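The two complexes that follow have chain A in common; it is paired with chain B in the first and with chain C in the second.
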Partner chain A sequence: MNSIIVSALMGMVMMFSGIVTNSKQSIKNIAIAAMAVLLVAHLADANDIFKININVHGMLNFNRFGMYFTTLVIGATLLYTIISGDEVVKVGANSADYFALIFFVLTGVSILASYNNLLMLFLGIEILTIPLFVLTGSDKKNLKSNEASLKYFLMGSFSTGIMLMGIALYYGASGNFNIDVNRVANEPVNSGILIPLGLLLMFIALAFKVSAAPFHFWTPDVYDGAPTVFTSFMATIVKAAGFIAFIRLFESRSADMGVSWTILMPVIIIATLLVGNVTAVFQQSVKRMLAYSSIAQAGFMLFALVGLNDVAKEGLLLYTVAYSIATIGIFSILLKMKDYTFEGYNGLAKTQPLLAFANTVFLLSLAGIPLTAGFFAKYYVLAAALKQDTSILWLVIVALVFAAISAYYYFKVIQAMYFKDGEAAVSEIKPSFKLTLLLLAAIIIIVGIFPTVVFNWFYF
Partner chain B sequence: MSATQILFWILSVVALFSAIMVLLSKNPVHSVLWLIAVFFSISGHYILLNAQFLAIVNMIVYAGAIMVLFLFVVMLMNLNKETEPQKNLWLKLAGVVSGGCLLMILVSLIRQASEVTNKQVLLKDGNIGLIKNLGKALFSDYVVPFEISSVLFLSAMIGAVVIGKKN
Partner chain C sequence: MISLLLILIPLLGGLITFVLKDAKTAKNFALAVSLVTLAVSVFSVSGAAASQLQYDAAWLPTFGSRFTLQLDGMGKMLTLLTAISFPVVFIATYNNEYKNAHQFFALMLLTQTGLTGVFAAADVLLFYFFWELALIPVYFLASIWGGEKRIQVTFKFFVYTFLGSLLMLAGIVYMYYHNPEQSFALSSFYKIQLTGAKSGLVFWLFFIAFAIKMPVFPFHTWQPDAYEQSPTAVTMILSGVMVKMGVFAVIRWLIPVFPQNAAHFSNIIIILSVTGMLYASFIAIKQDDLKRLIAYSSIAHIGLMCAAIFANNTTGLNGVMIQMFNHGINVIGLWIVANAIEQQLGTRKISALGGLAQKAPTLAILLVVLAFANIALPLTNAFIGEFLMFNGLFTYNVWAAAIAGVSIILGAVYTLNMVQKVFYGNTNTVTENAVEISGNVKWILIVLVLLIIILGVYPQPVFNLTGDTIKTIFNK
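Moving on to the complex of A and B:
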């Protein structure tokens, strides 16, 4: 509960900080401090040191997995604020409000990591997305940003409508909004068409939020049109939050979907991997390539939903860390580039060896090369699926083939940085930026060598 | 006839007459105004059914907000004879199909009506639609979502300011 309340409060603090000061530097520093306060408050909650106790009437259920996930997400957002805070305040005149919206998104994430009731799921999803519509359109002078924002808003509204229809059907059939994250053993499977249909509609709406094919069409345009700092935020923290909502809902309720669940998942996964990877190969712009790569990565994260066991949860946590940190790092480097095409990276290794090295680590992690966090993230989600059902082996092999394809377009960036001649135009880089970048790269490598450091905290 | 029955018949006649006028009016602005009359008479029906909250919400949301939006759209589009869009065959067919679906539901409802006549349709003591009970539910069982939705509205308001403010 701490994280929900404190993040909302910190959002308001950010709102009012815009009145008190006009200095962008101090707004950024306030945001970092507020994020640190939020992290501390949440850790105090997770370790039973200080809890705000409110009678939630069973609508929220704070279990260990959700709490730990929230910790990781707040930690990733703190790193994001430190490394990209300078760029956030540059987007427009209302820099304090952008941070306020980011805090409200975190409120949504905390709700999604602890909901036990479809009402809270709906509120969480809405609190998560409405600030994003605004952040997408925050670059008001840029026509692409406006278009992306409008597109995202219209499509997002439709998906919300579909989710509400699903919740209504579920409510009509079961008589309450509770989904009981901890399903009672031997609870009878619901018969009838309404509950599976309701769950299917909710599945579609959530698949839209995590941009799984065939509900991914908004992703490239929105990620490409949005200001790059906010793309970085959307592609990492928000996407991970979509998956926690997914896994909480279907952990207990996938049994109600019956056999349609076992047919649905492979179809969605293969479509997502196919669309994400194959289209990413043909992109000229690194930003757009990353948008498609985020679709492809969603395909791997969906394997956690096939598994739906403890290994899958570990895998999702690991994937959240590996994918978020790597993508935040890549985007922070992309923000320093003057030219967003692959050619823009030519010869970066000569002018900025440290940036090129860190970028290589992040890209290798996304491709899933051993000794980086991405390898174990992929390993755990795939192993979880296999543990649940060995007949799914063919799907795992398909996923591995697509992982090999993904290596091609990630390596294209590495090739441009190291083996092509050119003068990569880079804007001014502070020493503190380099330091944070090294920290991110270190996290990727440490988690890649000792993946259990992430879980030790989970089980301690 | 009791007062309730007299009111019921008057409201029904007003509702049906206004609904027909919505269709028959040549001027779209008049159609929208007749539609507001329909919503008001339906709100009257809700009050007869002891659902005051629904009646008020129906007036505020439909007759107030949505109809004003309709009026804005109609006025902005400046609909008149010359700019009337061409109605092609497919559009007419789609209209027939969707209208037919509604008709089917209405017919099946009327057919089932004989099964529920003279049966108890009240939930508990019939006071479930009163604002008092709704308020109690909202501020006891559902107080957490009620309070959290304020964050949603706050972020939407910030959004409106961020997008709408002149730099």
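Moving on to the complex of A and C:
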């Protein structure tokens, strides 16, 4: 509960800080401090030191998994604010408001990590996405940014409508908004077509949020059009939040969908992997490549939904850490580049060896090479699916073939940085930026060797 | 503890080399590190107690995977081969100039770490870890310091092997969930009895990964290009040690885990291997580039090893064991000669060379011994290995042995042809000013040639060393 309330409060603090000071530097520092306060408040909650208690009548359920997920998300956002805060304030005049919106997004994430009631799911999704519409269009003078914002808004409201329809059908059949209804009896609600249909509609709406094919069409345009610094936030933290919403709902309810669930998942996964990986291969711009790569990565995260067991939950946590940190790092370096095409990276290893090294670690992690967190992230989600049902081996093989394809476009950046000649133009790099970048790379490698450090805290 | 040292010394050495900015210091330091590793490795083979060769530590406790290292006979032999190869390579290419030399040597030492880990790992997840780890530094080495077409060629090599390892990963996870002990340990993997149609699929997932690495026809297409484009020091490691990863993995992780499938599919695999032997030998005859010739000849040799493994008898496997070691020595020797010629004359084209024996008689003598070893004449180390492998193949199927035998003749054709064209005949404008090889190359070649002759006359130590591995496999 702490994280929901404190993040909303901090959002308001940020809004008012814009009145008090005009200095972008101090606004950024306030944001970092506020984020740290939020993290501390949440940790106090998770460790039973200090809890704000409000009777929510069972609409929220703060279990260990959700709490831990929220910790990771807030931690990742803190790192994001530290490494990319300078770029956030540069986007436009209302820098304090951008941070406020980021805090409101975190409120949405906290609700999604703990909802137990479909109304809360709806509320969480809305609190999460409305600030994002604004952030996407925050570069007001840029036509692409405006277009992206409008597109995102229209598609987003459309998918919300579908979700509401699904919730209505579910309510109509079960007479209850709670997702753990009947869980005690441990048998599916037997009420004909309505519940499966309702769940299917909710599935579609959530698939839209995590940009799973064939509901991904908004992703490349929105990610490309939005200011790069916010793309980084959307592609990582927001996407992970979509998955937590997914897993909370279908962990208990996938049985209601019966056979259609076992048909639906492979189809969605293969479509997502195919679209993401194959299209990413043909991109000229690194930013657009990352947009498609985020679709491809979503395809792997969906394996956690095939598994829906303990390993799957661990896998999702690990994937959140590995993918978010690597992507935040890559975007923070992209933000320093003058030229967003692959050629723009030519010779970066000579001009900025440290940036090139960190970028390589992040890219290797996304490609899933051992010794990086990305390997174990992929390993866990795939193992989760196989643990559930070893006859799914064929799907795992298909996914791994796509993982090999993904190496192609990730390594294109490495090739440009190390093996091609050129003078990669970068804007000014502060020592503190380099230090944070090294910290991110160190996290990736440490988690890549001892993935269990992530869960030891989870189980402690 | 010894096995851990074999991994830690090159790892730490490599990391330190990264910060040594001076090229000369980095080079000497890397050489010193590799010599220390060699000393430890020699001790592991000669005097270490079995308990010293094991190392076990918790790694992923919730997961059934431990950091377990263990050196049996085959492991000791291959870590020794690795430990010998690196100082040999460093000394033989001592005069080669590299830009950013400290990075080059650091990456070389990291490669050694990965290779040693592969040979020592006794936990399948750890094995996978090192298997991939050996690839990454090699990818950078070949892409940064390689030839003109290095970027595409190395990337092809990378994607090929990466795809193979990912398939293996799917197989590993599948096996894990069929393991009642919920463990990745080697000993527990050996107990899994996989049956049914799926076991065949999983067998192929593993085999394709290993076949790409060896490489076995038709998965070999990355190899000649990669050998040609890589800097010679890297090519030596690739062909001398890295391809042994594939052969080793088949013996350690495939045959004992899937004995029925191995027997069932042995026909297909032996046909592929033998086809590859002939195919590579024919192509080798047509090659004009020294490096490509050695590359194709290497495919032919590996094909025979793969066929002999799947012949599934003690004789053949004994041959494979000794040949793994000897092929490493011989092929590195050949690369050293190729490197010496290229460094001095600036070309590797066989047609452009000639008459080198007049200018560099020592090199010519040493090369002739290496060439004899390459075609496995008696008294050279390769003879006993090839003899046993053909013997094993003969027991399995006479026709397979007969067809594979043609490759011996073809091997003599291309090897002797090369020796003749490069070293004999008259000198031409290119070779006119050639001089004798430098001291370091000469001495290292003499050491290799001595090894060739000693092991050719008295191979028993290798059999003693690897006997326990063969016993484990056939007693299973």
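Here, the second predicted complex is superposed on the first by the 454 of 460 C-alpha atoms of A that agree within 3 Å, B and C clash if a C-alpha of one lies under 4 Å from a C-alpha of the other, contacts with A are read in each partner's own complex, and residues count from 1 in each chain.
Definition applied: a contact is a pair of C-beta atoms (placed from the backbone, for glycine too) under 8 Å apart; a residue touches a chain by one contact, two chains touch by 3 or more.
This is a predicted model, so every value here is computed, not measured.
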| item | value |
| --- | --- |
| When chain B and chain C are modelled together on chain A, clash or fit | fit |
| Following superposition on chain A: angle at chain A, chain B versus chain C, Cα, nearest 10° | 150 |
| Chain B versus chain C as contact partner of A:138, first or second or both or neither | first |
| First, second, both or neither for A:94, with chain B first and chain C second | first |
| Partner chain in contact with A:127 - chain B first, chain C second, else both or neither | first |
| First (chain B), second (chain C), both or neither touched by A:427 | neither |
| First, second, both or neither for A:104, with chain B first and chain C second | first |
| Which superposed partner A:53 touches (first chain B, second chain C, both, neither) | neither |
| Which superposed partner A:8 touches (first chain B, second chain C, both, neither) | first |
| Partner chain in contact with A:119 - chain B first, chain C second, else both or neither | first |
| Lowest inter-chain C-alpha distance for chain C and chain B in the superposed arrangement, angstrom | 38 |
| Complex contact set, residues of chain B against chain A | 141-145, 148-149, 151-152, 154-156, 158-159, 161-163, 165, 167 |
| Interface residues, chain C side, partner chain A - complex | 59-63, 128-129, 132-133, 136, 140, 143-144, 150-151, 155, 158-159, 162-163, 166-167, 169-170, 173-174, 176-178, 198, 201-202, 205 |
| Residue ranges of chain A touching chain B (in the complex, touch as defined) | 4, 8, 11-12, 15, 54, 56-57, 59-60, 92-94, 97-98, 100-101, 104, 107, 111, 117, 119-120, 123, 126-127, 130-131, 133-134, 137-138, 140, 149 |
| Chain A residues touching chain C - in the complex, by the definition given at the top | 364, 369-371, 375, 379, 382-383, 386-387, 390, 393, 396-397, 400-401, 403-404, 407-408, 411, 415, 418-420, 450-452, 455 |
